[in-house]
Amino acid sequence: MKKVSARCLEFVSIAAAVISVPSAALAQETTKFSGGDTAWIMTATALVLFMTLPGLALFYGGLVRSRNFLSVLMHCLVICCATSVVWLAVGYTLAFSDGGTVNQFIGGFDKSFLFGVGLDTLNGTIPEIVFFMFQMTFAIITPALIVGAYPERITFLGMLLFSVFWLLLVYVPVTHWIWGGGWLADMGIMDFAGGLVVHLTAGISALVIAVMVGSRRGFPREVNPPHSPGMVMIGASMLWVGWFGFNGGSALGANSGAGMAIVVTHISAAVASLTWMVIEWVKHGKPSLIGFVTGTIAGLATITPASGFVGPMGGIILGVAGGLICYCMVNVIKHRFQIDDSLDVFAVHGISGLTGTILVTFLALPTFGGLGLAKGITASHQFWVQFAGAAVTAAWAIIASVLIIWVVRLITPMRVSEEDETEGLDITSHGERGYNL
Amino acid sequence: MKKVSARCLEFVSIAAAVISVPSAALAQETTKFSGGDTAWIMTATALVLFMTLPGLALFYGGLVRSRNFLSVLMHCLVICCATSVVWLAVGYTLAFSDGGTVNQFIGGFDKSFLFGVGLDTLNGTIPEIVFFMFQMTFAIITPALIVGAYPERITFLGMLLFSVFWLLLVYVPVTHWIWGGGWLADMGIMDFAGGLVVHLTAGISALVIAVMVGSRRGFPREVNPPHSPGMVMIGASMLWVGWFGFNGGSALGANSGAGMAIVVTHISAAVASLTWMVIEWVKHGKPSLIGFVTGTIAGLATITPASGFVGPMGGIILGVAGGLICYCMVNVIKHRFQIDDSLDVFAVHGISGLTGTILVTFLALPTFGGLGLAKGITASHQFWVQFAGAAVTAAWAIIASVLIIWVVRLITPMRVSEEDETEGLDITSHGERGYNL
Amino acid sequence: MKKVSARCLEFVSIAAAVISVPSAALAQETTKFSGGDTAWIMTATALVLFMTLPGLALFYGGLVRSRNFLSVLMHCLVICCATSVVWLAVGYTLAFSDGGTVNQFIGGFDKSFLFGVGLDTLNGTIPEIVFFMFQMTFAIITPALIVGAYPERITFLGMLLFSVFWLLLVYVPVTHWIWGGGWLADMGIMDFAGGLVVHLTAGISALVIAVMVGSRRGFPREVNPPHSPGMVMIGASMLWVGWFGFNGGSALGANSGAGMAIVVTHISAAVASLTWMVIEWVKHGKPSLIGFVTGTIAGLATITPASGFVGPMGGIILGVAGGLICYCMVNVIKHRFQIDDSLDVFAVHGISGLTGTILVTFLALPTFGGLGLAKGITASHQFWVQFAGAAVTAAWAIIASVLIIWVVRLITPMRVSEEDETEGLDITSHGERGYNL
Amino acid sequence: MKLIMAVIKPSKLDDVRSSLSPLGVTGMTVSEVKGFGRQGGHTEIYRGAEYAINFVPKIKIEVAVADDVAENVVLAIQESANTGKIGDGKIFVFDISEAIRIRTGETDTDAL
Amino acid sequence: MKLIMAVIKPSKLDDVRSSLSPLGVTGMTVSEVKGFGRQGGHTEIYRGAEYAINFVPKIKIEVAVADDVAENVVLAIQESANTGKIGDGKIFVFDISEAIRIRTGETDTDAL
Amino acid sequence: MKLIMAVIKPSKLDDVRSSLSPLGVTGMTVSEVKGFGRQGGHTEIYRGAEYAINFVPKIKIEVAVADDVAENVVLAIQESANTGKIGDGKIFVFDISEAIRIRTGETDTDAL
């Protein structure tokens, strides 16, 4: 059990080590079933699924042209369904069960299809079945984040194959390393809710696939503006609310740790949004809605790895950092490097995940109102661990993504014809039109 | 109390009978108040209301032409409000209180307007007031499902009267039979979250009203495509997330039973969606968004009666079955029989409810990873009970619906004029237009 | 602690004083951490944030013309972010900490940036950090309600400054008076979830700013109809569901009090919607969607101050009263007084808050199925307290709003140029267009 | 050649289209327009207030035809779009001085 | 008869409409169009990048009138749609060779 | 002056626009239309049922030009909008009897 809930236990031990009076929430024994914790994690599960369906789908769908709107929704939907089945079959067990001799790198097959996970098996204070389901929603949203890299031009089959392979080759092993008791967990890496596991992996792979699939026709000069900024805002709002489940649920219980995670998440989102707004206001004379909510997502993603370790001050600092750095990176990637990571997955999610992962080292220190590092660990040591974790994760994501795309291309082309691209994927890939008003 | 929470208790007894080590969740005494259980059921209540408003409203609203969009939203809204009042006044008490000598068929009037239900009255581990509210959300969504049968042509008053009478004559008695301690509960029927109570009753009555009100002008050749597939997807996503509350909440507690219900619900939805997608891909060369999410709903409805009794394997099998059978039935009803059940309520909900109700007999067996049947019950006996329950429920829904429509027609016409139908109900019934861009 | 959770404690004491057998929920000691209560309040927090983002934003956004749609979304977003930061910095501590000698009027600065609020600090049965976050969502939505008063013509900066000052000068002190242990709490005022704190303050100030900023060009004759009634309905639905967290969460625990609050909230919403529908049907021959959901909001706002004190009968009566009175007031304000409180914030929220605050005096009596007044308090005394509270709150809101607007005008104009107004704020203030279909 | 432009009720589009096929009309271009005229709009009610909506949604059809069939096409449209109620719309006929099919470069009546 | 087609700024539609009533113009047909011209669009910013939007939303008005009032109608439109700023738009006049009211079959100026 | 009206494929709008600049065409008016023609629409599938969508989305361009450049403009459009596939669309040319620039009151070719 120790390994399966590394995230939670680590948090508990860190907190317990640093704060002399354990909080009410943490005082309760962690090996007994708790109805309150179970209620909260089931709620958080619903919130995180809601982030993908329809949250992320609308956020991305509003950013593309109307003729590719439905195809983006389809991407999110099919990724949700396919990864769910794969997660049940082999994903969860490889990520969260004991891998025996190779456990440093990957789990085993014991819990394939949840065999052997009875109704009375607990993970901490909640049924393992609930932990399984909560984790499934993370396995759904992570490959769905990459949808923002390749819209308006990818083949449906290519996208589907890439996502399934990516789950198995990138998401599952990295999850095992960090949350499943693998080598990075052993090194004491801090990644509360997925700065590396979710955002860096997705962001890096987004960059790879954007480069390998190529830019949209007309990029970067003649790309059309988002077809529905209002829809982008609806999606961002759903992501924001859902993120309470994402970060708050990662405490794996209904306790003050979850409460603090929600507070810092919210503060970081608010501050990053305002940061982005101010930059645009100063630079362009007008704050835009799309910019504002992009700041929101940057703030949410930046706090993610740190959300269980920092205090309100940490939330503010991460919000400013996230908003500022991501704003710059969007321009660097799109205009300096001219990479058509169309909806800025790397510049927003990848960079945020990285920023939060690095900065948590310092912001977790009591000086900044954080909960402190694990007993006996110095900031410089922790920094090294965080850095190494990020570097290896990024390297692995690059290598695996390149390999996957090579393999997928042997099976099917990954890019639609020029004609289909011009006409739009809604009609050409799905036979439907987005708006029949 | 035993009778009021038949659904929950039955599940407990079945589980307890079959699994030798009672799960952590079930070990707690069921007669003591639980804050965790209460938190979860209040959350589930919000989720199920969210399914109707705006979930189902958008799902249906996106499928009609833009000139009838608002009228569909109005149908869902007014049904929600009217049934809520009726449920408080007489619905709940007739469904869930003791009916004395006629208790096999209907409850009594003791709890009309919640008289006598104090703040300290419990139902299992949760306040009865919370149980009442959770059940109210079921009483709202069930008649709202039928909205899909008659859009674009029904009169607003006719629709309203039909819905209220239907709640009283169909929903309330069937609920009492199955969940309120009536004759089907006594026979040991298995219907965890409403395969018969919700989906079969709504589906059958949808078919009746579609036939009796008649087809839309131009059906089946000249019917227009859905005006907003994206909105259909948003609605479906909300239904999906809300269904966690629908099925997971039907465990009436925050326990591993609820967790498993959520897992199998999710898996069935995912598998049914993929099933529908594959069929369309093979048959038409393109998988459509509308088809995909129709599969989602089929999968969700199919697992509903079984969600507390089966394991992940059962979820997969029910997903395949639901997707496959509903796909075929849509065509049979619409094209073979030429019945304009416009948004396929019978073919999707009715058939799903039936499929799940029948298949649960087998999939609940430990062979398929299920939690087993009640002690001493053979599969063939259970099959007979399930079959009889479905048959009687269907027959009752047909008879009562025909009667209701006759009566409503004495009061008001149920169909708008040809001219109003052509111009659209938004302007003619409500004086508004859907889009003023 | 007594003062900080006045709302909850008051409720407990009232209930305990009146009902001889304390309810299961209330029997548990209030000074011990409860996982179930914490789970519920975190859920309620998510629900209330969801009310603003995207609920209220869509409700308001659908009511304006399409060329000002994005600007309304921006208003809601920036208010959310700015008030969150201010709440963390000084709002919460001034509202909910002990103000020492001036505690009757305002709190102190002890809890600025949550200094001194540890993970183990409780408020009742939940971590104070969770209470803080729950209250933050109230501090977000209240100034956001005022957005409905000034859309389509206000400057972005003027709106932002007004909202921040308003939070500090109106919302924070009134909250302290009523929920934070100030003079109105001492007088025993009953305001369960914000009839005065939220709805009356917002409504009154909406009227002030509408008058001072002036009407939209062409008001009242040539104002265009709502650009998207469907979006208004989506927003209203989200508000409805979220209100379960708003009122249910104000019980500060997962107990039967929360359950009853949800039931009466739902019933009031349903009844008020039907009331508005019937009036329109009779007066104009057609019930409209916009009217229907306006009734919904009226019902929800009217029950808010009463939701923890009344029974189902009270819910019904408040629903009828809310629907009826608000319907009339919309016409009085818009057509008699010709005040362009554009989306009827005063007529719907202000009047509802007032109606509920006054009527709770009587509907809380056991005669009407209520939970009774505090021990030894007569209805006439309570009426006087309610009346005085409402009057002083309204007076304060007027004075402070006028002052704030004067100050803001020294810094920046509050109204855009005629040309910008004609062209729409989306392009002129934010450089974006709502729909690029 | 003539360009026949007709403003009709939206619900009549299908009828008009079918009435033209027998006349050998193989193509037309259709747009959504707002009509102001005698028909005079309707009233919409929002929160108890009545708003006069002055325009009525209409469909504009443009068909280019050879001179000799123009009269028949006008007649066919007039009959098929007719409901006898106010707001049925108008037909206007214009001279086309030149027509080209983009794909082939064909001109005049060959282009239609 | 003449068909007067004017491309104007959207905010000027109401003014134009009222300026025509006194001239006895009882109907017109309006559509939403995109204009390209000297006015030259604007810039929209998405995530820090500026997109040049080349077109400007405009309203196209089509009014059929008898020959004798045509000149007055043109003048009325020109005055009422004028803001003096770039992008005010154009008026084009065409000859109508035939006009029919669908409801009654009336032709020529009776049809207007 | 001539009014050149072209119905083209939506994806060709940008090409057409750039092909006209060298000819001194400074403005044009564009609208979204539905085209019925030989191209014949497509099929959409909803829940297993196929719906025939008869119309194809098209773009209608209207450009007013002086008589002497009309021929070149027509040619430029024909070339730039050409894909060689069915559905490329048509160009129709009309006579304009009068043109006015609203802002300045200029008339004839000065107004363009």
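Order of writing sets the chain letters: A, B, C, D, E and F. Residues in each chain are counted from 1.
As a convention for this text, contacts are C-beta pairs under 8 Å (C-beta built on N, C-alpha and C of every residue); 3 or more make two chains touch, one makes a residue touch a chain.
Please read all numbers here as calculations on a predicted model, not as lab measurements.
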Going by the contact rule set out at the top, which chains touch both chain A and chain D?
B, C, E, F
Which chains sit in contact with both members of the pair chain E and chain F?
A, D
Pick the pair with more C-beta contacts: B-F or A-C?
A-C
Can you compute the centre-to-centre distance for chain A and chain E, using the mean CA position of each chain? Integer Å is fine.
52
Chain C to chain E, mean C-alpha position gap in Å, rounds to 46
Identify all positions of chain A at which a residue touches two or more other chains, and write them in rising order.
34-37, 39-40, 43, 224-226, 254, 284, 286, 288, 290, 431-433, 435, 437
Identify all positions of chain E at which a residue touches two or more other chains, and write them in rising order.
31, 44-46, 94-95
Name the graph shape formed by the protein chains and their touching pairs; answer line, ring, star, complete or other.
other
Strictly by the criterion at the top, what is the full list of touching chain pairs?
A-B, A-C, A-E, A-F, B-C, B-D, B-F, C-D, C-E, D-E, D-F, E-F
Partner chain E, residues of chain D touching it in the complex
2, 6-8, 31-38, 54-55, 58, 60, 74, 77-78, 81-95
Residue ranges of chain C touching chain E (in the complex, touch as defined)
222, 422-423, 427, 431-433
Touching chain B in the complex, chain C uses residues 15, 19, 21-28, 34-37, 39-40, 43, 47, 65-66, 224-230, 233-234, 237-238, 240-241, 244-245, 248, 253-260, 262-263, 266-267, 269-271, 273-274, 277, 284, 286-290, 292-293, 296, 311-313, 316, 369, 371, 434-435, 437
Given the complex with chain A, which residues does chain F contribute to the contact?
11, 14, 42-46
Which part of chain C faces chain D closely enough to touch in the complex?
220, 223-226, 280, 283-284, 286, 288, 290-291, 294, 327, 330-331, 334-335, 344
